[in-house]
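Please go over the structures that come below.
You will see two complexes here that share chain A, one where it goes with chain B and one where it goes with chain C.
Up next, the complex of A and B:
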């Protein structure tokens, strides 16, 4: 994906200011930055979820596989660009129905085909072995980490080109967090991952390309896990300093 | 030596706390008596109706038609439910869809606050005014006559704000994250309504409907002008009058016949039981989290 001159305004406030950034295929593309810096809004622009809020004025161009996202229908785009939210929020249904949700929206899918898609999505999300004994159990009985992986499976069943993760581990314990970080490294084999986080440690572990979003602006970006260390950018250093202090 | 300032402060504190204690106790006692008074009123109404109704109620009243001074109440009982059912037909679709529109619309909050004001006003319009409207517009202008349709619509107008507001409140309780998530999975507006809002707000919507039924079943004024009275069941939706329980109470109590009084008491008792049951169910359903 290429994003150029993306700006978002809400009333007088500028949330994103001329953001230019490339999202690389089959990589973990990470946006780091302090809370309130516009990271979540950035993700919501990529699947045009930001347009649900009439207060937002979105300008600029976003291209997915060479085609402007405005040329995709909103629904088609959201199937191509999956999203997992900050807090695990399974629907109040069974594990199976949660994963099947997105596919069912598209109309009738044969039962055996649906079964297959549900289990393969759960496998990709690394949850299958933990829930396969009973897929009919309510999703709310799963642990927080399992619920978040369920949300990942729910997004994956649509076979998106891009998977966006909005601070996916911020409400999880360290073990659950570690599992999701490992998962991201597996997922990038098949999907393009966009990760938003304020956790520098996580960026160090999983990121291939990292950008720092600060007050709505991309102030630094670069390749590699050690980009964060070798940056000479003052804002970046200040941010890292803030977090390590 | 006594530290005077300390002493003084202690005294003020003591005075404040005694005053507060007296006030607290006073409020408690006043509250207790208010509660007692309210309970006494409630118990005396229930007791009076129960005493007057239960001793006169007979099985025959449930099995035969009547004309408010002789016969039974079957036509009035069925008529009440027919009218309420007709009211539901008008109020539930529009109330639930209106609530959905209000929670889903991304448009200006002005439309929402105007509809809210409108529903609030509608709840407090006296039922006799709705009856007058029903008579002038439905019965006469639209030529429905005193009928099931006219009475049902008049009840529906009254039920609408209850259905709509309670549905809206329970839809607002659906976490916004789940709504966004459904959109992010490629749901359109109708799918978000049918797969997220309606199932999750179901308990609230049902309790709103039950409350509206309970209130509508006990209404009289707007039906006097729109439903009329029928010694049997209505023969159609229009131009055929309908019997209902509150009419028996309103009319029977003025008749110089002791059987008419008995019918009135029995109707009142049936109404009170119906309303109590419905409102209790609505509370129970509303509390249950799915």
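Up next, the complex of A and C:
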């Protein structure tokens, strides 16, 4: 994906200011930055979720596989660009129905085909072994980490080109968090991952390409896991210093 | 100060029981006044549709220790049928209307228009039902009589209930439509309220999986907020069951003739109590009053049950959003 001159305004307030970023295929692309810096809004622009808020004015161009996202229908775009939210948001239904939800929206899928898609998505999300004994159990009986991986499976069943993760581990314990971080490294083999986090340690572990979003502006970006350490950018240093102090 | 406080405390204690006391005393008195009719009619009250004040010129009869006019009969079947059929039909008409309008209000309108529309919807509840009834007589009945019912008869007569004579616009259809208009705002307001309790994460999660607004609304109604859908429907039903004036004005207020089609005139339990009460006072044995009391008692039990169920279920629906994960 290429994002060029992306700005979002809500009334007088500028949430994103002329953001230019490339999202690289089969990489973990990470946006780091302090809370309230516009990271979530950035993600919501990529699948045009931001437009649903009538207060937001979105300008600039976003391209997915060479095509402007405005040329995709909203529905088609959201199927191509999956999203996982900060707080696990399983729907109040069974594990199976949660994962099948997106596919069912597309219309009739044969039962055996659906079964296969659900299991393979759960496998990709690293959850299959933990839930395969009973896929009919309510999603709310899973632990927080399992719920989050369920949400990942739910997004993956649509075989998106891009998977966006909005601070996916911020509400999880360290073990659950570690599992999701490992999962990201596996997922990038098949998907393009966009990760938003305020957790520098996480960025160090999983990121291939990192950008720092600060007050709505991209103030630094670069390749490599140690980009964060190598940077000479003052803003980045201040942010890192803030977090490590 | 301390005595003042004590007085105040005991006063609030007493006052808080007033509503319960009123409810119980209404129930007890209605039950008390029903006794002669319960004695006289027994189970036949629930099995006959004949409601006949009897022949005054003949001496009254004595049955089971109570006195009733000669040849009098009191049965709720006709009124119960009218109440149930008109209310059920009203729900059938009101539900799709409520679904579409609650989805439109919640998902398609800008938030400022949403607020305006919700207050308009809530205003509907304040319109006196006699106004609905008057509108029903001067607008709805002629339209039904001259246009809609003849069309239905011509085109739907193979469907049970749609063949039959059309005598006037008053009857089951008119009552059901009036009731549907009266209860739609109730259902819409319960549903819109429940949509507001759905966490934004759930709504965004569904949209981000490629659902249209329509699909989101459909899922909320039939899935996430379905308890509120049931609850709202029951509250609407409760209102429909007990509605008196508007239905009395457009039902045809028939006695002793069971309806044969949707065009037939009917009567409901509530409307019958209101319309028959006047003449009942002329019954020197008091049995007519007793019979109307028994009718009120049954109506009260049915609509209290429906309302309590509706409230409990709608309340549970609202809680679901909070309880999630």
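Everything below uses one rule, namely that the second predicted complex is superposed on the first by the 245 of 245 C-alpha atoms of A that agree within 3 Å, B and C clash if a C-alpha of one lies under 4 Å from a C-alpha of the other, contacts with A are read in each partner's own complex, and residues count from 1 in each chain.
The definition used in the following text is that a residue touches a chain if its C-beta (ideal position, glycine included) is under 8 Å from a C-beta of that chain, and two chains touch if they have at least 3 such contacts.
Computed from a prediction, not measured in an experiment: that's the story for all the values here.
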Overlay on chain A: chain C relative to chain B, clash or fit: clash
Contacts of A:196 with chain B and chain C, given as first, second, both or neither: neither
Chain B versus chain C as contact partner of A:53, first or second or both or neither: first
Touching partner for A:147 - first (chain B), second (chain C), both, neither: second
First (chain B), second (chain C), both or neither touched by A:105: both
Partner chain(s) touched by A:82 [first = chain B, second = chain C, both, neither]: both
Clash with chain B (superposed arrangement) - responsible stretch of chain C out of 57-65, 147-155 or 219-227: 219-227
Interface residues of chain A shared between complexes with chain B and chain C: 47, 49, 52, 54, 75-76, 78-79, 82-83, 85, 87, 89, 91-92, 101-102, 105-106, 151, 154-155, 158
Interfacial residue positions of chain A with respect to chain C in the complex: 47, 49, 52, 54, 75-76, 78-79, 82-83, 85, 87-93, 101-102, 105-106, 140, 144, 147, 151, 154-155, 158
Chain A-facing residues of chain C, complex: 110-111, 199, 201-202, 204-212, 215, 223-224, 320, 324-325
Of all residues in chain A, those that touch chain B in their complex: 47, 49, 52-54, 75-76, 78-79, 82-83, 85, 87, 89, 91-92, 101-102, 105-106, 151, 154-155, 158
In the complex with chain A, residue positions of chain B that touch it: 106-108, 175, 177-178, 180-188, 191, 195-196, 199-200, 290
